[in-house]
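For reference, chains read A, B, C and D in written order, and residue numbers begin at 1 within each chain.
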Amino acid sequence: MSKRRPYVRPMDGWWKKNPYFVEYMVHEGTALFVAAYAFTLLVGLVRLGQGEAAWNGWLEALKSPLSLAFHAVLLVAILYHTYTWFKIMPRTLPPIIVGGKKLAPATITGGGLMAALVASLVLLGLVWRIAQ
Amino acid sequence: MSESQKTIEIEVLRYNPETDQAPHLQVFQVPFADDMSVLQGAQYIKDHLDGSLSFRWSCRMAICGSCGMMVNGEPHLSCQTFLRDYYPARVRIEALSHFPIERDLVINMEGFIDKLESIQPYIIPKEKRSLAQGEYLQTPEQLNAYEQFSSCINCMLCYAACPQFGLNADFVGPAAMALLHRYNMDSRDGAAEERMELVAAEEGVFNCTAVGYCSEVCPKQVDPANAVNINKTNAAKDYFLRFLSPKGGSK
Amino acid sequence: MEVFKADVAIVGGGGAGLRAAIAVAESDPTLKIALVSKVYPMRSHTVSAEGGSAGVKKEGDSLEYHFNDTVGGGDWLCEQDVVEFFVSKCAEELTQLEHWGCPWSRTEDGHVNVRAFGGMKIERTWFAADKTGFHMLHTLFQTSIKYPSIKRFDEHFCVDLVKEDGRCQGVVAIEMASGEFTLIEAGSVIIATGGAGRVFRENTNGGVVTGDGMALAYRHGVPLRDMEFVQYHPTCMPGTGLLFTEACRGEGGFLVNKDGYRYLQDYGLGPAEPTPRNKAMELGPRDRLSQAFWHEQQKGRTIEGRYGPVVHLDLRHLGATKLHERLPQICELAEQFLGVDPALAPIPIRPAVHYTMGGIMVNGLCASPLPGLYAVGECSSVGIHGANRLGSNSLSELLVFGKVAGVEAAGFAKSVAPGNSASLLKQAKAVEQRVTGLKTKTGGTEKISVLRKEMAQTMEDGCGIYRLADTMQKTCNKLDELKARFKNVNLEDGSSVWNTDWLLAIELEYQLDVAQTMAYSALQRRESRGAHQRLDGYEQRDDVNFLKHSEANYVADGAPRISYGDVKITKSQPGVRAYGAAGEKAEKERKASHV
Amino acid sequence: MKSGLKRSNAPIFWALFGGGGMLSALVGPMLVFITGIAIPFGLLLPEGAMSYPKMLAFAQNWLGKAFVFAVIALFLWHAAHRIFHTLHDVGIHAGVAARLICYGSAFVATLVSAYVLLGLGF
């Protein structure tokens, strides 16, 4: 009779045991904020469909201090999402060979962040034009 | 040398299945020297303080992959982790996380070996070649495409760093996927399609949530997270394109 | 007790054992193979080999040259017919490994690249960066998975052989995870357990390198041949003994003393030139380089380090780029363990025990005198290394003779009738009782870690780079004493699951037997040859009395009996072993005399 | 290789997750800034930029429609996938229930936004 009795350790609270995992949970948590924003927009879209009065009511609601605070939090969380999204990108892409050498992870992350900046400026420019 | 008087406390997670219900910590006082590895600390305990302590080790030079342990909660090869980086504080060593403990610092790695065997880790030639024809030609660039993934020493630190493996022991996991990718990327091999069945399976790459810690702890810069995530893209392509391609990908 | 019926049992899952297993599987897929290894195969010590594996490849090289380098390098104590066979098969086997996926380093046009190595006339060392053994082992292990007839017994510790009708018919092993015994019946058994360098204090070897298989064969009456020849590798890390590959010198590294002087030129290896020349200076053979270190130490020209005298391995002139491409692991080792960046500072080094040239006596087909028992790899003495092994010959040996052993053992297994299972099981149960007794007996007072340390120290004192009769005699006496004290050993752990205390005790018993064969063989070889160098009136090679293999024979409860066997000379008569300019001159004269 | 392996359907959800993650990483912060801070409070952009006629015209333009749809749907699929996995991470392996709540709400929201956008006409 074998006396083996392998002990399986529980996984409870694993994410609290290592700073790396804490950070992982935080950046995964940004999803809640992305969802919250998408629902905010969805409400706006529904109100738009309900006509001008409804839409203006939604616009009014956006002007409340509570909404400002809410959006400020969203902004920070989604900015953090952007940063972590591109930070992990070098691990998710196939190697990019430029001039016979593998592109450095920092270059890929930097490139992603640059792309986000450019996309944001383009978006701002478009809205600016619509506003005129 | 005055250093011989210095000591460091090493706290060890002990477990003897014949006497213990669950693992428990035990503290040992070990003489400290600034070039002493954590492994040498454990060896000192075994030779001088408690002969019943069990752990795996062999080469002492970070290539055989035996001596992985959790050192203060992080997976490390104990032979290339030095006590000086913790001194004078106490160091805690435990069996690698996410694996069942057989005894003290010895984990059960049978599941890992099953996975290694399941990925067809050998060349299935694209073109047959006889020995008389000599070697396959492979340029340094072609070698470079897989060389990094062939450097895995099977130390399993990446599994101890992977919560998804901890939560689901069926997940093929980082090292095995890196090895699978190594063969897929080898210019001599032609079996990537055969291996896709496992990549795309429920045990396959989609268990990974890109935590990325596996690559952080890898002592050989294999970047298993990269292998897993490249294969997510490959598996997704295979998933959507299988209806278009006449060969149909895998089942 | 579990019983497994195999056709061929292989003990040892390193390079040699895996190659043999594949050879059996390919020669006849119906044969059942039991591959028993005390570690998972990829942990085996083959993994630590760094520099490369020899095989004639380059234009201008020839089998003749490889033969001459090997036989001369071995100080003519080689079986020349076996060497001739060996050199003719190396390239083919290395190519086979390439087909199996080994990531050999390449030239720009895609061919396998070769590098220079000590004692080799022409570049013929195939390499995979400086992790050649690692890549070879993993390639073999992974390839072995393809063969369903190979049943692995991983982390099974072999404790004895079983014999019946005058032939070896199986092995008894402990499953380390449970502490339970398994009998593996087999038509033939191959021992491939590697060397025994851990009997010495400062060594490059992994913890598993404890001579298990050598002791098993020896106790069953198979002689251990040429055990006095123990290789000191000249460039190792002080304190830990970890290896800095010979490829460091193959790539152009210098050895310098405390004055920054390339001292090898003072020991018949010069002239000193700025780039490596084969078979000269730093590319001389390992025995000569280790001996030169000893002389420098006597002259007070070494550097005093924390762990005794050192010299410097200077790689700075190679530049960071080349170092990181060709010697990445060396850079990592130096930085992590010594805090030295080889591109900026020289690495302190000293010689350490690296390889056992001798081993289980087998013929050129890997067959031992005990029918059904084969041996291959470092544990064996097939006859190619003689008194000093050339770097990069041993990895090729694993492949060439691993295949031979597999094919031969398969053939033998098919030629014999199945054994008497009842009788074998009875033997196995007796083994179980004896080995279990080690941990269940009470009243012992000796600690295994203490005995082990005393053994390692006395081996270093008596059987080092240079040897004297009285210190060797002291070592022999000490080993006798340690064997007696071992009977009084006390284990701290009586449990079953993963009881490493118990396994270490069994290993120590193996080591004491092997250490005795080394010390007694050395004491009785009254000459200097290759790695066996004396300073007590026997400084010269003595071909009249000692162009002979030593054979250590087991004597129960006593010292080994040393006898001597002939050396097979075919085409190379013993000559002067010279390197550097002197070597070139000697070779010219040799050629002239043949015309 | 093991036999009886079941192909995972994760690629569908993973692709939506990746698309939403990338879109939100590229334009998410700026969108929040524009719709939640700049326009309501008249910073940088005039308040009238989001007036009813302008927004209606935007939502009736097929490009504008596609953009709004992509943002709402993909953001939600991204979030749903992450939240589903995080539930698993913290030990809530609710399986079908968690799957329904996470992906179900993304699915419903996708349908609603499509319905409204189509209802606004071209």
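Basically, a residue touches a chain if its C-beta (ideal position, glycine included) is under 8 Å from a C-beta of that chain, and two chains touch if they have at least 3 such contacts.
The UniProt protein names, listed by chain, are A = Fumarate reductase subunit C; B = Succinate dehydrogenase iron-sulfur subunit; C = Fumarate reductase flavoprotein subunit; D = Fumarate reductase subunit FrdD.
What you see is a predicted model; the values in this text were computed from it and never measured.
*Asks:* Which chain would you call central, comparing Cα centres to the global Cα centre?
*Replies:* Smallest offset from the overall C-alpha mean is found for B.
*Asks:* Looking at B-D and A-D, which pair shares more C-beta contacts?
*Replies:* Most contacts of the two pairs: A-D.
*Asks:* So the centre of each chain is just the mean of its C-alpha atoms; given that, what is the distance between chain B and chain D in Å?
*Replies:* 37
*Asks:* Taking the mean of the C-alpha atoms as each chain's centre, how many Å separate chain A (Fumarate reductase subunit C) from chain D?
*Replies:* The separation of the two C-alpha centroids amounts to 11 Å.
*Asks:* Between chain A (Fumarate reductase subunit C) and chain C, what's the gap in Å when you average each chain's C-alpha atoms?
*Replies:* Chain centres of chain A (Fumarate reductase subunit C) and chain C, defined by C-alpha means, are spaced 57 Å apart.
*Asks:* Can you give the whole-Å distance between the Cα centres of chain C and chain D?
*Replies:* Here the centre of chain D sits 64 Å away from the centre of chain C.
*Asks:* Listing for chain B: what residues touch at least two other chains?
*Replies:* In chain B, residues 17-18, 102, 108, 120, 163, 167, 209, 232 touch at least two other chains, as defined above.
*Asks:* On chain C, where are the residues touching two or more other chains?
*Replies:* 177, 495-497
*Asks:* Considering chain A (Fumarate reductase subunit C) alone, which of its residues make contact with at least two other chains?
*Replies:* Residues 3-5, 11, 15, 28 of chain A (Fumarate reductase subunit C) each touch two or more of the other chains.
*Asks:* Would you mind giving me the full set of chain pairs in touch?
*Replies:* A-B, A-C, A-D, B-C, B-D
*Asks:* Which positions of chain A (Fumarate reductase subunit C) touch chain D when the two form their complex?
*Replies:* It is residues 11-12, 15, 25, 28-29, 31-32, 34-35, 37-42, 44-46, 48-49, 52, 55-56, 59, 62-63, 67-68, 70-72, 74-75, 78-79, 81-82, 85-86, 112, 115-116, 119-121, 123-124, 127-128, 130-131 of chain A (Fumarate reductase subunit C) that touch chain D.
*Asks:* Using the touch rule from the top, collect the residues of chain B that touch chain A (Fumarate reductase subunit C) in their complex.
*Replies:* Answer in residue numbers: 15, 17-18, 22-23, 73-74, 97-98, 100-102, 108, 141, 145, 163, 166-167, 209-213, 215-216, 223, 225-226, 229-230, 232-233.
*Asks:* Tell me, which parts of chain D touch chain B in their complex?
*Replies:* Going through chain D, the ones touching chain B are 1-2, 5-8, 10-12, 14-15, 85, 88-89.
*Asks:* What residues of chain B sit close enough to touch chain D in their complex?
*Replies:* Touch residues, chain B against chain D: 118-120, 163, 167, 194-195, 197-198, 200-204, 206, 209, 232, 235-236, 239-240, 250-251.
*Asks:* Contact residues on chain B for chain C in the complex?
*Replies:* 16-19, 35, 46-48, 50-66, 80, 102-104, 106, 108-109, 113, 116-117, 120-123, 125, 129, 131, 134-140, 142-143, 146-147, 150-151, 153-154, 179, 183, 186, 188-189
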